[in-house]
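The data blocks that follow each hold one structure.
Presented sequentially are two complexes of chain A, the first with chain B as partner and the second with chain C.
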Partner chain A sequence: MTADTSGWGIPVGYANEFLLDREILDKDDTPVGKVDDLDFEILPDGSPVLSAILCGPTALGPRLGGRLGTWWVSIARRLRPNDDPTPVHVGIDDVDHVDRETLRLRITGSNAGTLRLQRWVDAKIVKRIPGGE
Partner chain B sequence: MRLVEVIGCAVVDAGGQSLGEVHDVRLVADGPRDANGRSRYRLDALVVGAGGMAHKLGYSHDAVSGPWPLASIFRRTIRRSLVVPWSEVEAFDRPTIRIGVRKADLTSLADADDRRDDT
Partner chain C sequence: MKRLLNLTLGVMTAIGGFVDIGNLVTSGITGARFGMSLAWALLLGTAGMTLYGEMAGRVTAVSRRPIFHVVRERLGVRTAMVNLVASLLLNVLTLAAEIGGVGLALALASSINYILWVPIIGFLVWFFIWKVPFAVIERVFGLLGLALMVFVVALFHLHTHWHALASGIVNPVVPSGEGHPTWWFYAISLIGAALVPYQVFFFSSGGIEEKWSVEHLGEMRANALIGFPLGGLLSLAIMAAAVPVLQPRSIGVNHLGEVGLPVIAALGKVGLIIMLLGFFAATFAAAVESAMSSGYITAQYLGWSWGKQVRPSQAPRFHVVCLITVLLGTAFMLTTVDPVKVTLVSVVLGAAAIPLTFFPILVVANDRRLMGKHANGRIVNALGFAFFVVIVAVSVATLPLLFITKAGQ
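Showing the complex of A and B:
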């Protein structure tokens, strides 16, 4: 087998197999989303290197494709708590490890920004419903 | 570059033959070290061609194993997908990727995985 220097026990793998759709847990074991897309940095020699995982509806929409994907992104953008059109971006340095079902972060979900939609929905919708406090 | 920009692109070989769409990418941990001293994953190759629906349904990895007849058929289809080294990509102009080799010179996913297991 190829020597593993990834720190994740996976020297060679396929994105569908070990990254995409994995549940993301923060350092407190709180589920904060799923891996919806990957971001690559292009090195000077032209090699793309994994730099971040992307999550949230604006990351998932383009993967769905077609009208459903367009609709998904459009709705997600209208619900966004800020004007930033980019998906939630978690740098690869903040990922601790990945296993068969989950990807674990070294940071909390609030630091990663993955809970911002949930917080916005809590503040703007849920708390305004009687008994929603 | 986002993965979603690559997935779904049509790949055309050096002879102008269409090889199908990109369904997955192979990552190899031999890139520059990150802040934690780990090798970052480099996009090493594209998985192209047969088995689009099977890839989408997750039959490209062991986590999905049933139902039996579908798993068997889809796995066989996926193994006919072609592996295109990223180093052979000559032009990436979404939605088309042009490569510098011909289909006959590419390996199937089955052969690529067998070689990986042997190393």
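Showing the complex of A and C:
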């Protein structure tokens, strides 16, 4: 790793452009969400290091900004079981690789924790419609 | 041989799939009211759809991602959200118009009021999304939609004055008694009928459903470059057929039935039956596609799993968005709102919203790191940019014209 690359061939300082809004696929190629925001840690020497990918509506809301963003977050928060606004964190160690189109995980989507709404919709609505099994 | 068959099938599907309630209504109304003086708008819209449809298909096949991913990446989350919300509302409006169209076609065939058909059609639309394979939806109805070729046959039976038709196309003159704002409003309606947002999303998402890759570029190009223009010509035939029959008698088109009068005049009952089959297929397919398009773009914006290649329980959120769209569209039609008016409003608002989709397509089709040697060439870029300027002007003019003319009255 040289000073100006991150080990993924991505120049430092370009994390936004290269990561934000990429589609996230799990190790079985199932879509599990979008890179809605990024989480950085500040090292003792002051340089930021990407620590996690944030995913889900509570991560997207602040990026929408304005009143729309506030509404988005407050609706998303109420949809969560524990009223906790912290979005889903996907640790950087669980990321396999990233290219110009997608970000691929080493783990399955159900372990990433982004499929809660999908499971709820499936169990409460889709499975109850004939033919939804 | 199989490849050629597939290619032909694809092109024929694209022709049938291009025409929906928007084309039927706008071509019929403008032919009856303005003769061929607005044919240029139809041709311009079709050219734009062909150009951007091919770009969208190319981006999909090369990057293997549908257009709404690109919309979010290139417009940013906020502007893309505006596009998403606008497109979702338009899809409901379009779906309502298509359901109304199916209802009117069934009413013409059965003499049972269209409103009684609406809930049944709404249910069938949902059932097709829920259970029927993608290829059946796309192919069967696209092919049945070719029954609308009956308008071309009628045109030859009607002792059409070809010379007058051609000179009407080449030298457009606003007919006496019609105001310029109204004429421009209907010009926008024709452009909008060719550039419906759901068709772009469906074309591109359909490419993912059918697992397009770089090897399918030829097939995709044939669909877009041959199928769409021929679909546009079919719309032109519907307009032209109205001119000798409806315009001299000052019959205005307020109902889908009046669009079909030229066919009945030329070919009688047999023509009527074939035409109704075409009306039904074209509007029903479009109803299914516009509802599915809502599921596609919502899922693509938010990164959900989607599509008909997986079981409903693997893409439950996609199916619920489709279901909600169908319920809203059906409910809206049940308010007894006039289907023809809904169609007009939906196509002009579609024309106003389309730049938000075409801009990212144009940008990404130029991204050489993503598209490699399949990026846009100079000519396509020049045409694409010129058309983008036109469509932005259209977008700006739409709302004022909609209000000034009271939706074309």
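We adopt the following convention: the second predicted complex is superposed on the first by the 108 of 133 C-alpha atoms of A that agree within 3 Å, B and C clash if a C-alpha of one lies under 4 Å from a C-alpha of the other, contacts with A are read in each partner's own complex, and residues count from 1 in each chain.
Heads up, the rule we're going with is that a contact is a pair of C-beta atoms (placed from the backbone, for glycine too) under 8 Å apart; a residue touches a chain by one contact, two chains touch by 3 or more.
Keep in mind that this is a model prediction, so the values were computed, not measured.
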For this session: Kindly classify A:54 by the partners it touches after superposition: chain B alone (first), chain C alone (second), both, or neither?
Result: first
For this session: Counting touched residues of chain A, say whether chain B or chain C comes out ahead.
Result: B
For this session: Mind working out whether A:68 is in touch with chain B, chain C, both or neither, as first, second, both or neither?
Result: second
Exercise. Where does A:33 make contact in the superposed view: on chain B (first), on chain C (second), on both, or on neither?
Worked result: second
Exercise. Taking the superposition as given, does A:93 touch the first partner, chain B, the second, chain C, both, or neither?
Worked result: first
Exercise. Once the shared chain is lined up, is A:16 touching chain B (first), chain C (second), both, or neither of them?
Worked result: first
For this session: Figure out whether A:118 sits in contact with chain B (first) or chain C (second), or with both, or with neither.
Result: second
Problem set entry | Partner chain in contact with A:126 - chain B first, chain C second, else both or neither | second
For this session: List the residues of chain A that touch chain B in one complex and chain C in the other.
Result: 21, 63, 65, 100
Problem set entry | Interfacial residue positions of chain A with respect to chain C in the complex | 21-24, 30-34, 55, 57, 60, 63-65, 68, 100-101, 117-118, 121-122, 125-127, 129, 131-133
Seminar exercise, completed: chain B partner, complex, touching residues on chain A are 1-2, 4-8, 10-21, 37-40, 42-43, 47-51, 54, 59, 62-63, 65, 92-93, 100
Exercise. For chain C, which residues are in contact with chain A within the complex?
Worked result: 63-65, 69, 72-73, 77-78, 81, 130-131, 299, 302-306, 312-314, 316-317, 319-320, 369-370
Problem set entry | chain A partner contacts - residues on chain B that touch it in the complex | 1-4, 7-8, 23-32, 34-44, 47, 55, 58, 60-61, 63, 86, 116-117, 119
